[in-house]
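The letters A, B and C name the chains in turn, as written, and every chain counts its residues from 1.
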Amino acid sequence: MTSDQTPSNAVELGAFLAGLPGVDEVGARGRAAALGTRSIKNDAKAWALDAAIGMVDLTTLEGMDTPGKVRALCAKALRPDPTDPTTPSVAAVCVYGDLVDVARGAVGDAIHVAAVATAFPSGRASRQVKLMDTREAVAAGADEIDMVIDRGAFLAGDTWRVFEEIVAIKEACGPAHLKVILETGELRTLDNVRRASWLAMLAGADFIKTSTGKVTPAATPPVTLVMLEAVRDFERVTGRRIGVKAAGGIRTAKEAISYLVLVKETVGDAWLTPDLFRFGASTLLNDLLLQRQRMATGHYSGPDYVTID
Amino acid sequence: MTHDRIGVRKTHKLFIGGAFPRSESGRTYEVATATGDFWSNASKASRKDARNAVIAARTGFSKWSAATAYNRGQVLYRIAEVMEDRRAQFIDEVMAGEGVDEAAARQQVDAAIDRWVWYAGWTDKIAQALGTANPVAGPYFNFSIPEPSGVVACVAPQASSLLGLVSVIAPVIASGNSVVAMASTERPIPAITLAEVMATSDVPAGVVNLLTGDPAEMLPWLASHADVNAVDLTGVTDRDLAISAEREAAGTIKRVLRPGPAADWDADPGMDRLRTFVEIKTVWHPMGI
Amino acid sequence: MTFDYAPAPESRASVEIASDYGLFIDGEFSPSASGSSFVTVNPATEESLSSVAEAGSADVDRAVAAARRAYDTVWGPMPGRERAKYLFRIARIIQERSRELAVLESMDNGKPIKESRDVDLPLVAAHFFYHAGWADKLEHAGYGPAPQPLGVAAQVIPWNFPLLMLAWKVAPALACGNTVVVKPAETTPLTALAFADICRQADLPPGVVNILTGAGETGRLLVEHPDVNKVAFTGSTEVGRSIMRTLAGTDKRLTLELGGKAANIVFDDAPIDEAIEGIVNGIFFNQGHVCCAGSRLLVQESVAEDVLERLKARLSTLRLGDPLDKNTDIGAINSAEQLARINELAKSGQGEGAERWSAPCEIPERGWWFPPTVFTGVTQAHRIAREEIFGPVLSVLTFRTPDEAVQKANNTPYGLSAGIWTEKGSRILWMAQQLRAGVVWANTFNRFDPTSPFGGYKESGFGREGGLHGLGAYLKTEAVR
């Protein structure tokens, strides 16, 4: 079913993607739901909460973002719970390209700075604009680029165009890691999610990411399951491990933990690291902290005991 | 000097796999009219004939069960048409065999022909009457459809030699089963004539197999035969024979229709015979994008 | 540290098990006439759970008489709309007590709590809800204008889904106006006894439901009782055969839901990840104690290696252990006797030259367990390809073409279920038509619903349970002419 040959033209790529096995939506949903019933308690929960915090790309992607907002976000990212220094830092902050320098200034080398690029979130701009967007973010200090794919081209059947664009952006990234946002809420079918995942991995993605967070539905367990299956199978064929980022719509610790279950039971423990699994989120972090406080203190915490940024 | 013409008599044989063989045993038995006159030396089928009939029926089943319901309806209607051509012959034979007057015999023959017409109309409605779409609580399309059980061994009624016979075999084959039927022992002649109708009515070979002789000799072998799927004991008059056949049938969990109270073959047959010799298959498939 | 799931045991607090139970006859618990009893055991720990009365011939007489009386005086004459309300009540009480019943089922049977909680109990309640609605609508069910009940039904229940199989039998019987005498399996009587308490809470008239605990002998006495009108049995083909022989020559109606050896057929264009899940669910659901289990994997030769590699990787994630742990996937084997049978057949598989692979899982010290096991290199001639193992053992065979898949799938005296995995619609429908099996799951497996008729072809039995067709098992229809 798979090939370790990077496709060299549209025909090869099209044939490869068409040859991928289908996804039965009901079955995939059923599998994701079944894993969602895992009950994570005690030590396992404590481990999962810290792991999840360490996998968060703490994100602000608003038109009203300011340097002040980004600096506050960065402070939170470095010390999520000022009352408990044992709390790990998050993996990265994720901002628009024009605020990368602010973020980098605030976090130094302590954590990653991710920039969304390529005319985020719609991806509707010329190739030149997208490349410029990427290069500027890298130059400003981003070491991770979250690009969006051209969903229009994908849905129109021009997968080669999508592929070439990822290759070009990857090159523009230089040393920065590339996360490729599939925007699965617009691809609609899990078959498309599987094809887009493979397309992105073959084109050089370091991570494949579900969503921009601007489209509903964003990350869902079935979509993430299918993407995890894709990275698992990609490793079988190429030996390369690709990361997965579930972004958008994950707000509670319980949900986050169920994603970690999904990771563990689909690709295995090796993926339970910020190098290979991330959450793109903003409000999730506070719920993880509340649950962490509950485990530390033995009583339920409240919103006044975590910081609003 | 003139002579009365001497009639040409027919040898009455079995009907297996579309052919008319004699019993492999070489045996015959004397069949008399209701008034006790010699009528024929009918073939006395053996267990090996019964076995051969099952082989033929299995072959017939593959073809017949795969035929469209529409096609089966056409064939059953063709049987009625060909029977109608031989109406006078059937009336004579029922009169001779059952000892009834011409009006009664005519009524029975007409009812038998009409029964084929009735079942001809059923073939493409069974699935609609016995099938369902099932509203399961989940994203699945789920439906149930009747399918024929397979090879059915029938003991035809002893008294009603034509209408009774038609009434048991027509519902069996209407749904796509094939049949090995044991005709009325004492009155087998209409069954052989019916076999000649079958042979000229586009009924695929092996779908209907008719044996004459003693059911007590054949039934135990058919009831225990692992390639028979169902047993219809309607015509069994010996209670011990019926019980032992049912016990034998348990060996491979056959569907068994027990002998019931004396049947009124003139009444509306209803659906129960059709229902008895079908299996319900339920198919699930997810509904997703 | 890694992400190892901590134990997450479901609380036993909701369950109260009495030290001993009598027989439930005519609305009351009473000891057996002979005073004899037997012990039911938790298969995961081998601890005794309770002592249960063993019904003998006098008890069977009394239960059938109570059922007859209730049929003649109360339940038979009662309008369908009133019967319906009793069934709705029972359904509601089952929902209310579902956690308790799920825990009890897992303790007595050994099945994982996630299955008793998420599969068995929701279906039990659903079966009563579904059939409740039929009670006053039977004239619209296609069995004639005024279908009548049969009378007293003797119902013999298996141990693999104790309460669910009780629901499959009791709900349609009561909806159609029959009264019942139920004989739960010897190793799993507790949820049936809890059901007696549910009948009490529902104010069900005495004698409508009677529950006789006991072993095979009790079942035999019950089905042979001359005042029983209907026998419904779920269990082995061997016992089914003997019941059928016993009933020969009587007027008793019979339905049998017996064994199976289902083929789960995977084509090269299958939705592979869901097919793997379907294979796992097909044979390892309920430890493979499932009559319709997909115990023969027929995989297209061109993808066999890939499928097996994926399957083994997936099986390595299965969690075997404490049935009450919410994260347990594989529970205990129901009895020492069943474990011995599984071991015997597995040994024969090895002896006949098939290659055995078992998932790497730790087997608890106490209790009866068998790891998820796959045999490859199996041919149609092997015993493990022909006999029902009724355990977590999968036999893998290959095929080359759709016709060959059909031939091999049908090449068995059984015909209960089958699975098809392919993305090609027309092939699914063709295969579904060719397979001689009562339930065909395409791109799914082991789904159940009260509206969906269940039952077998050939030696897997006759009659259907569930759906409109299931009602036919409990109604006098037009006289067969």
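Note that in this section contacts are C-beta pairs under 8 Å (C-beta built on N, C-alpha and C of every residue); 3 or more make two chains touch, one makes a residue touch a chain.
The shown structure was predicted, so the numbers you read here are calculated from the model rather than taken from an experiment.
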Quiz item: What are the two chains with the most C-beta pairs touching?
Solution: B-C
Quiz item: Based on CA centres, what chain would you say lies at the far end from chain A?
Solution: B
Quiz item: Quick one: chain B and chain C, Cα centre-to-centre, how many Å?
Solution: 37
Quiz prompt | Separation of mean Cα positions, chain C and chain A [Å, integer] | solution = 44
Quiz item: How many angstrom lie between the CA centroids of chain A and chain B, rounded to a whole number?
Solution: 69
Self-check item: Multi-partner residues of chain B (at least 2 other chains)
Solution: 140, 286
Quiz prompt | Numbers and ranges of chain C residues touching at least 2 other chains | solution = 443-444
Quiz item: Going by the touch rule set out above, which residues of chain A reach two or more other chains?
Solution: 24, 26-27
Practice problem: Quick one: which bits of chain C touch chain B in the complex? Just the residue numbers, please. | Solution: 126, 142, 144, 237, 240-242, 244-245, 247-249, 251, 256, 258, 413, 428, 432, 437-444, 447, 449, 451-455, 457-462, 464, 467-469, 472, 477-481
Quiz item: Inside the complex, what are the residues of chain C that reach chain A?
Solution: 1-8, 114, 118, 269-274, 277-278, 306, 317, 326-327, 423, 443-444
Self-check item: Residue ranges of chain B in contact with chain A within the complex
Solution: 139-140, 286-289
Practice problem: Would you mind writing out the residues of chain A in touch with chain B in their complex? | Solution: 24-27, 29, 188-189
Quiz item: Hey, which residues of chain B end up touching chain C in the complex?
Solution: 129-130, 132, 134-138, 140, 142, 144, 149, 167, 226, 229, 239, 242-244, 246-247, 249-253, 255, 257-258, 260-261, 263-265, 267, 269-273, 275-276, 279-286
